[in-house]
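Going by the order they are written in, the chains are A, B and C; count residues from 1 in each one.
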Amino acid sequence: MAAAAALRIEDLHKSFDRLEVLKGIDLEVDEHEVVGLIGASGSGKSTLLRCINLLEPVNAGRVFIEGEEITARGVDVNRIRQRVGIVFQAFNLFPHMTVLRNVTLGPIEALGESRSEAEAQATELLQRFGLADKRDDYPDRLSGGQQQRVAIVRALAMKPDVMLLDEVTSALDPELVAEVLNVIRELAAGGMTMVIATHEMGFARDIANRIGFLDAGVILEEGSPEEIFSSPREERTQRFLQSIIDAGRM
Amino acid sequence: MIGGESPEKYQPLPGGSYTPPSGDRGSKILAPLKAEGARSVTIAVVSTVVVFGLLAFAILNSSGWPQIKEAFFDPMVFRESLGKIMEKFTRNVFIFLVAEVFVLILAMILAVMRSLRGPVFTPLRILAAAYTDLFRAVPTILVIFLLGFGAPALQIKGVPHSDIFWAIVALVLVYSAYVAEVYRAGIQSVHPSQVASARALGLTRGKTMRFVVVPQAVRRVLPPLLNDFIGLQKDSALVGILGYTEALRQAQIISAANFDFTPYVALALVYIVITIPEARFVDWLVARDQRRRQVAGGV
Amino acid sequence: MRKLFAFLVVGSLLFAACAEDNPTIGGTGATATGGTGATTSATATDCAAANADAFKSPGTLTIGTGNPAFPPWWEGGTSDGSEFEFNDPAKGEGYEGAVAAEVATRMGFTFPDQVTFVPVSFNKSFAPGPKDFDFVLQQISYKPERDDAVDFGESYYNVNQALVSAEGTSVADATTIEDLKDAKLGAPIGTTSLDVITEQIQPSQEPAVYDDLAQAVTDLQNGDIDGIVVDLPTAFFMAAVQIKHGVVVGQFGAESDEYFAMAFETGSPLVECVNLALDEMESDGTLDDIEQQWLADKTNAPVLD
């Protein structure tokens, strides 16, 4: 294709001490594409996402964002991270800061925006996602779902090129999951490039352009949601999906 | 969705995300009483009166009590000494307030030094570790002694001779070592995902420390920080060994003149009166911070 | 609810505190010095015999003194097996050592075999409760305020306070108290020396108060203080031995009525016995001889007034 992919991962290897967790990942994500990552716990989904924004150093392989190799020597790590937004499963928000401050911290201190600029932008984002009235609250006053939505807003405030979502609903009570999923839906509809690691199969099927099944450190199977969910080729994929069905999550 | 059973309800993470019932979290001693009603209250009251009453009775009727009363609780000596002791106590207050400010700063520097990652920072880490080892090893009284008598003895121009100066320096050196470890524990207790979230926004290590880690770390260690501050308040008395008349020395002087220990009791009361409000204040700060901290568990 | 609880706790304590003290057996309040012995004894020996079970360790005289034992009050050097530093009191040397030996002998004890010395810290000498000694002998000055806590014997030495310093200090050539007004002076804690500074000299700078004389000397040599007030004999010892280029500047108030006395547990009948011994030593000149022997060269200093 003519334009560089938003995100390209080439033969990524990652080990923790002697244990190799990622054994050669290849993945390409185009602009505005949403890729869903599924797989069992321990398959390396979180690690993969953390490698993309260099929260984990990479042992071998290369990662490109908008054509720029971020795994090259001498790359300014902080600048890269400003372009890649990530939201975790838990412990996201800074509990000693208000929602507003949580959202404006990055733009002010990392992007160098002025306070008024950052606050105006933050207020707008919070409004868009129905959190305007929580602006001056501390995270302890928010429900889990609201907190995760703020976490997503906080990542958005940095105007990232790519958003990585690492099982962001796994720690939520079921009734709060929907509001977060709706936010993600809206982001996708707005054209945000995203890689989403999730257990929510129905959601993944709905929203992803492509699904990757991560198993034992490699992307075992990749394809459209229909391909993966309805007619998986690999036996391990089938077994994984079966276990999900048995657990009543699909 | 296929399958009819509802998935397992999310279980709160252990050790952190419990939200206490709203209302008065103040006194844990009396809380069970409120819970259980009038009969428990009666039992509690009776048992308290009986135990304390028996204790007081035993002490007051012991054969040595009159002598103890005269030696430790003499009203006349008490009246005579309280004023002078309180007056000298302002000197202790000056010493420990000034010292505490420098302790909090130096200790933070040491703690951050020790937490620096990266091989290039190794000498700083070693220095910080050696410092905390040294000054936690040597008894405070020795440090004050050596500096207070030794430094002026060097007869180097420009080196201050003031007892207060060296006492403050010694206290700062020693207590920074302890408080640095307290800070370090606080820093390490901040969940790594907080650091990850901050770094993920593109914040530098320094800014992450400054805006995210340190504020949380300090809030978490307020009780041990207060502990060390209270210890510092007591150790301010050590300046007395250099010859300077602070509250304890004043108490000693009156005690020796009268062959009576009541001045020490008076001093103890002064310390109690200032320490208890400090403790309640920190309790309040901690309770306020607890409420905010519940949520970091991401519920 | 919490108020009621607090009230009850405080109330029960107050109630107990107001309860009548039981009359206690032994050791209440000060009795007049002079003891409660049944018969008036004629000699110290008789008195000691009559009160034989009042001694801590019957058959032995137990004397407490400070550790280290400093000259000129105690001399003779240390002994193996004795826990005393500097000087072993059991040698009976030094002014207090000689007095102790003499008093013991006059009370019928052989010195040093029937005498035990125990180290007693200053605070222990007057702390309430039963004592480990029969009396304490360590340059303790009689003061009326102290009379409730212990019983004092008679004077065994009339004390004059003095100022000791080093050559070249601002007070080395002082001749009057006026000369000392701007000086920074030091004194050991718990002594009447401190009173001299605060009541007689009243300098503009606060006195420095030390736990022991070695620290005072250090500060003197550092130039942090100008002079030290101690009793006259100790001043001589310090000038000669402890202070480089030490000099005894002068003594205060030749007519001072301060004196050293032994301290006893309140109500001790042994006060009378020791007083009898001291009376004897006074009248037959022994006390003067002891002073001549140990303090002769330590009493000549100009008077500062």
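Operating definition for what follows: a contact is a pair of C-beta atoms (placed from the backbone, for glycine too) under 8 Å apart; a residue touches a chain by one contact, two chains touch by 3 or more.
Keep in mind that what you see is a predicted model, and the values were worked out from it rather than measured.
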item	value
Farthest-lying chain, centroid of Cα atoms versus that of subunit A	C
Chain whose Cα centroid lies nearest the overall Cα centroid	B
Whole-Å gap between the CA centroids of subunit B and subunit C	40
Between subunit A and subunit C, centroid-to-centroid distance (C-alpha), Å	82
Distance between chain centroids, defined by C-alpha means - subunit A, subunit B (Å)	43
Residues on subunit C engaged by subunit B in the complex (per definition of touch)	1-2, 4-5, 8-9, 12-13, 15-17, 19, 21-22, 24-29, 122-123, 126-129, 143, 145-146, 148-150, 186, 189-191, 194-195, 206-211, 215-216, 218-219, 221-225
Subunit B - residues contacting subunit A, complex	1-7, 9-10, 13, 191, 193-194, 196-204, 207, 211-212, 215-216, 219, 289, 291-299
Interfacial residue positions of subunit A with respect to subunit B in the complex	50, 53, 55, 78-82, 84-86, 88-96, 105-106, 109-111, 138-140, 142-144, 147-148, 151, 154-155, 158, 171-174, 202, 245-250
Residue numbers on subunit B that touch subunit C, as the complex places them	27, 30, 33-34, 41, 44-45, 48-49, 52-53, 56-57, 60-61, 63-68, 70-72, 149, 152-153, 155, 161, 163, 240-245, 249, 252-253, 255-261
